[in-house]
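Here subunit A shows up in two complexes: once beside subunit B, once beside subunit C.
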Partner chain A sequence: MLTNKNLFFLIIQAQIGIGILGLPYILYNHVQQDGWMSLLIAGVLAQGIIIVLVALSRTSPKETFYELNLRLLGNVLGKIVNISYVLYFISFSLLLMILVTDVINTWILHQTPRWAIILMLLIATSYIAKERILTISRSFLFFSFWFIVLIFLLILVYPQDIHFGRLQPVGSNSFTEIIKASPDAFVSLIGFELILFIMPFIKNPKKSLMVLSIANLFTLMLYIFLFITCVISFSGVQLSLIQAPLLYLFRGLSFEFVERIDIIFLSFWIVPISTTLVIQLFNASLGVQKLFSIQRKKSVYLLSFILLCLGLLPINLTMTESLSSIMIYLNIIFVFIFPALLLIIAKLKGIKG
Partner chain B sequence: MAESHNEFLSSDLTQNLKIIEEKMKQTADLKRRKLTFHGEAIILLYLDTMTDKESIELHIISPINKQESKSIENALGTKQFSIMTTFKDISCSLAEGNTILLTENCNIAYSIATLSDEKRAINESLNEKVTMGAHDSFVESAATNISLLRKRLRTPEFKVEYQTYGSETNVEVAICYLESKADPTVLHSIKSRLEKIKNDDLINSRQIQEALEDYPYSPFPQSLRTERPDRAVFNLLNGNTVIFLEHEPSALITPISFYSFLRSPEDYNSRWFVNFFYYSLRLLAFIMSVTLPAFYIAVNAYHSAILPVSTFYTLKLSVLNVPFHPLIEAVMMQIVLELLKEASVRLPSAIAQTIGTVGAIVIGSAIVQTNFISNTMVVVIAITAVSSFVIPIGEMSTSMRLMGFPLIFLAAIFGFIGIAFGLMVFTTHLVKLTSAGKVYVEAPEIFESFLNKHPKNGKGQDTNAHE
Partner chain C sequence: MKNTNQKIITLLFIFPLLTGCWDQKLIVDQEVINGVSFDLEDNKIKSTIVVLNIIPKGTNFFDFKNQMSSATGYSLEDTYRELRTYYTGPLTASKSRIILLGESFAKKNLNAYLDFFYRVPDPYLGSKVAIVKGVEASELLSTKEIGTNPVAFGLYEIIEAAEDNSTVTKGTLNTLFTYFNEEGKDFLLPILEKKGEDILVSGAGLISDNAYSGQMISLKECSLLLLIMDNYGELVDLETYLNDKKKLNNQVSYRIIKSKRKFNLTKDAAGKPRVDINLDLKIFLHQYPITEKISPKQIKELEETISRDLTKKSQSIMKKTQKANSDVLGIGRELKETDPAAWKALDWGQTYPEIKINTRVKVAIEKTGILK
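Presenting the complex of A and B:
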């Protein structure tokens, strides 16, 4: 059974991933130095969704989301919803894989074919995802070492050439624009929907809301810290041009033995990125397990195989971009709107019953 | 059905003797002595090769010859004996080194314990040396080993259970634990696992280890084999179980945590900062022995950009004339190193020193001069080997060094990313492992202390011990 500590590390590992690399760039291009406000708004939104999700999963803490769907919506409609959730997780994983391979191809391994990276990524993640959720969370705790490394490296940036003045003027953008930018920030906070699927495994469901909120707060604080560090280190022109500001930030650091911290950091940042994929695979495999009544281990292998085949398709930049812009809306539908509807249905049924 | 007729001893002495000799397959070392006791013929049967003749002379033959006591039971009064009625029991008992005493016109036999206990004296531990602390080590006798533990643990809580396994070898297995400390469910699972040992030929502790381990195919040992009584006692006090196999000079400790393999009994015998330093050193050695060659290959083959210019030139100069890919270099050097190590273990100690010279001078420097392997690679592999030798338990040390190989290949294919993925899988594998149902790798305690002030989540019995 998952303790609070396990839950915390599961959630932060599910949230923090590849988004961290480009987040400051995207936000800066929308609302310049006010990006941290968008982040805050996205965080508050995420907090609201967390409350909804926890309330939904608390209506029957012994069931996963898929079982809840089947019970509340009936067999046919429930199955359709379950299938669409599995498809959502598959497309999320696919997008993630494409983004990872793109980053690796640009920064580290320029010649390695996409399929090779995807194959290795899937072997490693399916090895983890096939384990019990407790094992997954305990290994995530060890992987969280990289967050400490990240924070440490970010602090090392501060003695360099920084200007706090770049944060001013505060609130130069209109409020609507700041809100408009928040969906972009929200994408990087996704991951807490995991709670819908692991509620039956939690030892202390009453504390789950608090743990999730703390995890969300941690992620949000990390992102804001990162954004501010980027804004004060780069000039406005620089930041609007470089797509991976975090890596350029580390590129400026050099030590006696090592230069190019960015390469080492990115190589090992693959671990927190993969954990997001592990969680997506885990969520999807629960659904496949429910739909086809096969072992979860086998459903993980099946999903990995499907993802490998999808990854082999020739995907160009425009397709990736359209996929990621679709995903922004799909995220909100699948993570927020639908669970909220389901919560209303559950409450109505509860009143009737 | 002639067999069942002959199952029990008859009153016919010659008939009995004949059947016993047949049961023992007329082995040449089965000796018999004929005596008379108050006019009755007495036959002593024993295996010449296993029994202690002095004890037979002193405790059996001389009291009988003196004819002082009325009955045989009284004559044997000073010696431990049991009464047997079937041929099967008698032949088994003979095979265990007991002496069988048969009398005329009597359908029972006496089996007297006369096993000669020739054993090695308690020596200094060869494989787990310490500079501070006790120097005794286990020997090939389970009874002596248990006595070594008992001398340190003078408490009635210390409990020993004997079981015999292996239908051919009939080896005694002793399970020792502290009744007050050991977790009953863990104990139960250990016992039920031992029950499942089906091997006819149980001779190695590895066979017991295989039966006890939850993941026998994992490269990491999930039960600790030690030669040191102080380590065994320390683990007993922590609620673990110690298992002895007769004729094995080591104890198997289970359940065990991964961190115990990085601990030497010396640690608990020294000041806290010395202890802390050496423990950290071993953790570092663990990390280095697994990742260092892979890291070097990744830097050399893919990521030379991470090096500052001066270091970069030093590295490139050393690999300039080497015709091989760093992967091949590393694999060659690792194999040479394993060969040297294996050779020095097999050879008698006088010649083994020669291997050191051959290894260091002939192979080490000549291989560099011939440009087969670069200087830096020799240094890297040597540091890796030395780091793995730091690990106090040999079994773990070898596992660690071999775990480096998959990482070397991954690093050669994918560079740092390969290492990251490899380490991810290793971590998950280690985290997945359980030892006798207990978690093998716990999260570091630092997290415990600042996230969960009151660890009352029932992770075991002793979670409240430090509150």
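Presenting the complex of A and C:
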């Protein structure tokens, strides 16, 4: 059974991943130094969704989302929805893997082919994802050490050549512009939908809303801190050029005996990135287990194999970009709109947990 | 037993993957560039690189040899193509310590030329960048050693020392990337000169719009400029003549303990920006022409003399930056941040030389050393 602590680390590990590398760049290109406002709006949006998700999972705390679908929507419609959720998780994982391999290829391993990186990533993630959720959460607790490292490194940036004035003028963009940029920030906050699938395993379901809110707040604060650090250390045009500002931030750090913190950092940051993949695999494997009545362990292997095959496809830059822009909307549909509809249906049917 | 076999087989599969043999870059195979210089020669770029070869001479004894080569071409890539052919292994800039720019080269738009260093992840961004005055930049690299250091390391260290002594602002290739893209703020680059066989940092070159303006702040005035910029190093030493009549041994020198800058951007009657800078310095006398007791009255007088002198000097320094059109204080940036509408209405390149910059320095002597 998951305790509150376990749940907290599961959620933050699911939220924080690859998005953190490029988030300040994306936000800055939309709304310049006002990006933190978009982040705040996205955070509030995420908080609202968390409330909806928790309310939905509380309607029947003993069932996972897939079981709930089947019961509320009937066998046929429920199955269709479940399949589309599995497909959503697969495409999310695929995009994640493509982005990871891109970053690793450009920054560290220039000649290593994509399949090798994807294979390594999948071996490691499926190894964790096949375990029980409690085991997963314990390993995540251990991996969360990297967040402390990240925060420490970000603080080290401050004695460098920074200029707080770069945050000014505050609010130079119109309010609509700021809101328009918030879906981009929202993508990086995704991960809390996990609650729909692990509700039956939680020890203290009553506290889950609070734990999720704290986890969301933590992630949001980390992102805002990162964004502000990036804005004050990079000059305007520069930040709009650098695709991975977090790594570039560390590229400039230099100490007596350690140089190129960026590469060292990225090598280790693969761990928090793969935890996101673990969660996606976990979510999808639950669905596959339900759909085809096979062992969850086997469904993890099956999904990994499918992902490996998909990763072998020749995917170019434009395809990746269109996939990520589609993903932005898919996220909102699958994480927010659909669960909200389901909640309404559940309430209408008068089913209470 | 079956389980153990399974584990061993899995491990055997995983180990070859973990080694990452695709991306081995052994340092022995590579030629590590230590220093780079760029000059302009009949409208072509001349790049020169120095590669350090370490020659082992028995246990713990090393000698080194600099292998230097130059190439000319229309672009950095042209020259790089040629340079590659001189060396036995692939060249890498992942450890370059110093980048020297010839005076004529520095007057070009530097941002456009240095793009190579920023676009790929390999080059080392901690390198120091300096402008070479008087001689070609490549000539400095041809020196074998500075002190006991190989040339690139020696140059790196003298620039670092100049930063600590507040001659130039702290800067690397990385900070340059930030400055290049900053609207409304220019920056300083160290100027290297050759004096006989020795190389020295002779001042700070004023950069205007990402190109060297050709004008520099001399060694004696640099520290004060850095104080005005509020971006000084560990040590700030200044000196003032006690009076104008006598020059020989008539100087008081002092170290800044604490500096407080008040920067005030306002508009004058005509709507033009106007800047007031107030510097409050707490100083520590460390040299006085005569070893005698300095009375409180003398200290008062000294404070006044020094304040007057520094105010006068700071005015002339600001005039120099305006003449070079190099907004090192970032007044434009300040305006952009506090009053975006006014910033947009102005052409800063035209405005900066004409705005009024008022500086005033106030000095308080806090200590007189261990002597009274």
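Here, the second predicted complex is superposed on the first by the 350 of 353 C-alpha atoms of A that agree within 3 Å, B and C clash if a C-alpha of one lies under 4 Å from a C-alpha of the other, contacts with A are read in each partner's own complex, and residues count from 1 in each chain.
Methods note: a contact is a pair of C-beta atoms (placed from the backbone, for glycine too) under 8 Å apart; a residue touches a chain by one contact, two chains touch by 3 or more.
The shown structure was predicted, so the numbers you read here are calculated from the model rather than taken from an experiment.
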* Is A:Arg251 in contact with subunit B, with subunit C, with both, or with neither (first, second, both, neither)? -> second
> Once the shared chain is lined up, is A:Arg166 touching subunit B (first), subunit C (second), both, or neither of them?
Replying inline: second
**Partner chain in contact with A:Asn4 - subunit B first, subunit C second, else both or neither** = first
Under the stated touch criterion, which partner chain does A:Thr135 make contact with: subunit B (first), subunit C (second), both, or neither? first
Query raised in the report: Where does A:Glu259 make contact in the superposed view: on subunit B (first), on subunit C (second), on both, or on neither?
Result: both
| Looking at the overlay, what does A:Gly236 touch: subunit B (first), subunit C (second), both, or neither? | second
- Query: In the superposed arrangement, which partner chain does A:Lys203 touch: subunit B (first), subunit C (second), both, or neither?
  - Reply: first
*asked:* Between subunit B and subunit C, whom does A:Leu72 touch in the aligned arrangement: first, second, both, or neither?
replied: neither
Task = Determine, under the contact definition given at the top, whether A:Thr112 touches first (subunit B), second (subunit C), both, or neither.
result = both
The shared contact residues of subunit A with subunit B and subunit C are 108-109, 112, 116, 120, 123, 254, 259-260, 263
Listed in rising order, subunit B residues that touch subunit A in their complex are 302-303, 305-308, 311, 413-421, 423-425, 427-428, 431-432, 439, 443, 447, 451-452, 457
Interface with subunit C, subunit A side, in the complex: residues 106-113, 116, 119-120, 123, 161, 163, 165-166, 168-169, 172, 233-238, 241, 251-252, 254, 259-260, 262-263
Counting only contacts in the complex, subunit C reaches subunit A at residues 14, 17-18, 20, 22-23, 121, 124-126, 170-172, 174-175, 177-183, 185, 330, 333-334, 337-338, 340
Touching subunit B in the complex, subunit A uses residues 3-5, 8, 104, 108-109, 112, 116-117, 120-121, 123-124, 127-128, 131, 135-136, 138-139, 141-143, 203, 254, 256-261, 263-264, 267-268, 270-271, 274
